[in-house]
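Sharing a structure with you now.
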Amino acid sequence: MKKLEPAGDPGSLRFGAYHVIFESEPGWGRIFDAVLIAAILTSVLAVLLESVPEIRLRHASALVACEWFFTALFSIEYVARLACLRNPGAYVRSFFGVVDLLSVLPAYLSLVLPGGQFLTVVRILRVVRVFRVFKLARYTSEANVLLSALYASRFKISVFLVAIVSIVVVVGSLMYLVEGPEHGFTSIPSGIYWAIVTLTTVGFGDITPQTALGRTLASAVMIMGYGIIAVPTGIITAEIAASSRASSGGAQACADCGAVDGEPDARFCRRCGAPLARKEGAS
Amino acid sequence: MKKLEPAGDPGSLRFGAYHVIFESEPGWGRIFDAVLIAAILTSVLAVLLESVPEIRLRHASALVACEWFFTALFSIEYVARLACLRNPGAYVRSFFGVVDLLSVLPAYLSLVLPGGQFLTVVRILRVVRVFRVFKLARYTSEANVLLSALYASRFKISVFLVAIVSIVVVVGSLMYLVEGPEHGFTSIPSGIYWAIVTLTTVGFGDITPQTALGRTLASAVMIMGYGIIAVPTGIITAEIAASSRASSGGAQACADCGAVDGEPDARFCRRCGAPLARKEGAS
Amino acid sequence: MKKLEPAGDPGSLRFGAYHVIFESEPGWGRIFDAVLIAAILTSVLAVLLESVPEIRLRHASALVACEWFFTALFSIEYVARLACLRNPGAYVRSFFGVVDLLSVLPAYLSLVLPGGQFLTVVRILRVVRVFRVFKLARYTSEANVLLSALYASRFKISVFLVAIVSIVVVVGSLMYLVEGPEHGFTSIPSGIYWAIVTLTTVGFGDITPQTALGRTLASAVMIMGYGIIAVPTGIITAEIAASSRASSGGAQACADCGAVDGEPDARFCRRCGAPLARKEGAS
Amino acid sequence: MKKLEPAGDPGSLRFGAYHVIFESEPGWGRIFDAVLIAAILTSVLAVLLESVPEIRLRHASALVACEWFFTALFSIEYVARLACLRNPGAYVRSFFGVVDLLSVLPAYLSLVLPGGQFLTVVRILRVVRVFRVFKLARYTSEANVLLSALYASRFKISVFLVAIVSIVVVVGSLMYLVEGPEHGFTSIPSGIYWAIVTLTTVGFGDITPQTALGRTLASAVMIMGYGIIAVPTGIITAEIAASSRASSGGAQACADCGAVDGEPDARFCRRCGAPLARKEGAS
């Protein structure tokens, strides 16, 4: 993603507005963030309430007014974001640029188009904007630990997911064969749905095995699921432990080659062999 | 919280009572604790039984007598706590002071006010008083390991919770759109409720998807929930492992600057560089 | 538990029988174990099948014959165990001695007493005898890792359990207040039962909240349960990792003072400072 | 498993075909893999759709055509695999050889035999062929970490499984005794089925305790299950962490004896004592 740059010179109004809107500095920046998040949460709450039939009937006009109020507010915010950037195009094409636009479009579209329910869900996407709060440094580093743990585990997780999908396809087919349509297993896909519900230990109970053979097979699947749930947990835990260690005080960068060593007791760079500064005088 | 201090001089009755009531020393202190916990558990059990219609009808008078017996007992205990403190005000305003007062108030209030059910729940709060048992040193240190692990993870957990809330809001809206009111998804909030029930693998089964598209989406959510449950586990496990290691024999304090090093094989203080005593003679 | 000792001199029949029955040596000892486990599992299976009404009606005489066959077999085994021990009293009072006696008693008691169902459950206890297989050295050490991890975590788990019990009591009372008897929450104990079903993510769905407030509270409990499940996992994982490391090849005992060091890279005894043999010549 | 070897000389058509079909090299090898996986997934999807009654009735001829198309394709592939191997017999007897044969047999058998549903499930086994994708080196090493973690935990998991089975047998019998047939616990096996559903936190809700004693026992089982789920997670997590560490950059092979040391800070070979190259100049 191209870096967003402020328009105007330092000291100008647009430059100042950039820092208030896009950064999260103490003072007006923090206040702007707080107001924005409050507005987002209130507008999402309004959408939620509007979907409840009783509330929609009784408070129709208030909800319409509320929706137009927030649409106006977010429209102004969107224009302000465009105005204080040197490269507004980069913002428009960025992930948050698209989300910000989708926050205001539904109200305008509802003037021309009928399909209310679909537009409602688009408006719900506003909730994603709350993630802006994570530009705060403290959260960014924590989010990075989580994301890098997930990223480092992506191959292990892929292997695991393919195994899970194969298991639920085979188990679902077997249950369809064993239980049959008369016990709710109307097709192989519904058997697969049951296998996923069971293996993930969700267990809705809308489809359940009734025959002795089906229950025995189900028991095996449940105990297997109980053991299998340990695998992703183990993968993620091992990675989080590793990346926590790396991002804590223990990690140290080599002054010569810049390689970062996550082992807190490393005394020499693992890449170039130069002594690491911190414990240089120790031996 | 201001420290509670005993009233009276060492050797006086009030000073002795302070140690019996507030400390957990062998002898009378332990006996007092055991009696108190037995009384708390019995009174909570009485409240539980009183809420069962059949028992309330049959044993009404016994339950009322029981309630007044424990109210009298806890009132005496509350007055005794006040009496043996130099600064009773600090106790009254402390967390346990409020809980202790709430333990006896409902019975007195029931003489004036009608609303029985609400007062019942207030009386249930007595169960919180059981946590006094954790003043025992062994438990305090273990509870601290757990609490410090949770505290150290608070930013990671916040990031995780915001992500979960966003996911359930978006998934709940989609399911409302896909399944609609005729399959139990009467509004977006009920869709969100379903998403939480499913993602946490609780799976009540009071609302379940019936359409092929809804079941496919539900399957994706369940497999996602299966993977996501690994994240908080990974966060907490990594922290517990770290704080266990730090509080176990492996940790060593530097004699020069007092910094504690959790790495069991550290040979030099990570803060001031002085050799650590334990393995000083080893190299 | 007093150690069991073989009766008779080495070379005698009883001495040989002791090794076959009580030890798990290659040859007759292994064969005896395999036959015993097969007999236990078959007899348990017979008890299970007997409880199914259709099977009990159709195969009544076969099941009775089966039960008496295994009772005779286990009686002979019990007498043989008594006969080849120098101290049979220690065996009779040991855990497995009691379980072995309980395996044969129900059949004899059923000749005098009527209460069939209760005796059936006593016969089910035979399944515990399968744990004898764990006298094999490989399994004993693994079971010890698990048990020592659980034992080392006992204080943390106690703290955790008291916290869970307090939470479910308070949540169960609140749900009773919010939902009331008309939605299945007929008393505080049933509210607590619902809270346990929900917090542990079991989610039967026999009692579910119907009101908006109840569902909101339930959502909070479910997300909390999702996070809380991480705590015991973290406790046990940290302990298993620690005790695995200690019992793996990395651990080394000091030749001077006998202290065992779980850190695989320890080069000096952590208690007495003497160099450890394995890497002595390395520095 | 005997190693598969290409037929023909380097440069010949059969030698080239071997590399395209059995290896996963960039170029034609990758394209072949992608086409094969697409064909497998499409044919599995066709089998799934065929099991849905509405789709089977409406698109009968298209599904038959589709099935014969993929049967032809996989038959050609099977013959091609045989043709380009020096030792086709080893392939025929290998796991994937059997699976490949089972992918094409059902269509030919359906010409002679009636039993449609059973053959359907055999065709579903095609999904297992997707695992061929894991011949890619990156996935193989990750899959090996998972498999070696599971393999290293096999004794611990056996102990755990025997304990679980004993617990569910005893708990299931008790619930049968307490609740009885009138609340759905029609036999001990159905009690055991309920115990597995509950202990694994699946919780279908098709059988639920109704009596106070049954619910109390169920609560104990659920809290126990909540704690027990931590055990396999702990086992697997500890192993994955250990084998990740061993397979990550921290591991180093001794230049003298070839032993691999997973401890990243090892400075001397743990087997022969020779200094390890990486940090040789460091001390």
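So that you can tell them apart, the chains are marked A, B, C and D in the order they are listed, and the count of residues begins at 1 in each.
Note that contacts are C-beta pairs under 8 Å (C-beta built on N, C-alpha and C of every residue); 3 or more make two chains touch, one makes a residue touch a chain.
Note that the coordinates shown come from a computational prediction; the quantities given were computed from them, not determined experimentally.
K.L.:
Trace the shortest chain of touching neighbours from subunit B to subunit D and give its length in steps.
P.N.:
1
K.L.:
Hey, which chain ends up farthest from subunit A, C-alpha centres compared?
P.N.:
C
K.L.:
Could you label the subunit C-subunit D interface same or different, taking same to mean over half of its residue numbers are used by both chains?
P.N.:
Under half shared, hence different.
K.L.:
If subunit A and subunit B share one sequence, what is the angle of the rotation that overlays their CA atoms, in steps of 5 degrees?
P.N.:
90
K.L.:
Compute the distance, rounded to whole Å, between the mean C-alpha positions of subunit A and subunit D.
P.N.:
Each chain's C-alpha centroid was found; their separation is 28 Å.
K.L.:
Can you list the subunit B residues in contact with two or more other chains?
P.N.:
189, 192, 201-205, 229, 233, 235, 237, 239, 241, 265, 283
K.L.:
Please name which positions on subunit A make contact with subunit D in the complex.
P.N.:
Residues 155-156, 158-160, 162, 165-166, 169-170, 173-174, 176-177, 181, 186-189, 192, 198, 201-205, 208, 212, 215, 218-219, 222-223, 225-227, 229-231, 233-235, 237-239, 241-242, 263, 265-268, 270, 273, 275, 283.
K.L.:
Show me the residue ranges of subunit A that touch subunit B in the complex, using the header's touch definition.
P.N.:
My answer: residues 44, 47-49, 51-53, 117-118, 120-121, 124-125, 127-128, 130-131, 133-134, 138-139, 142-143, 145-146, 149, 157, 161, 164, 189-190, 192-193, 196-197, 199-206, 229, 232-233, 235-237, 239-241, 244, 249-250, 264-265, 278-279, 281-283.
K.L.:
Considering only the defined contacts, which subunit B positions touch subunit D in the complex?
P.N.:
The touching residues are 201-205, 233, 237, 265.
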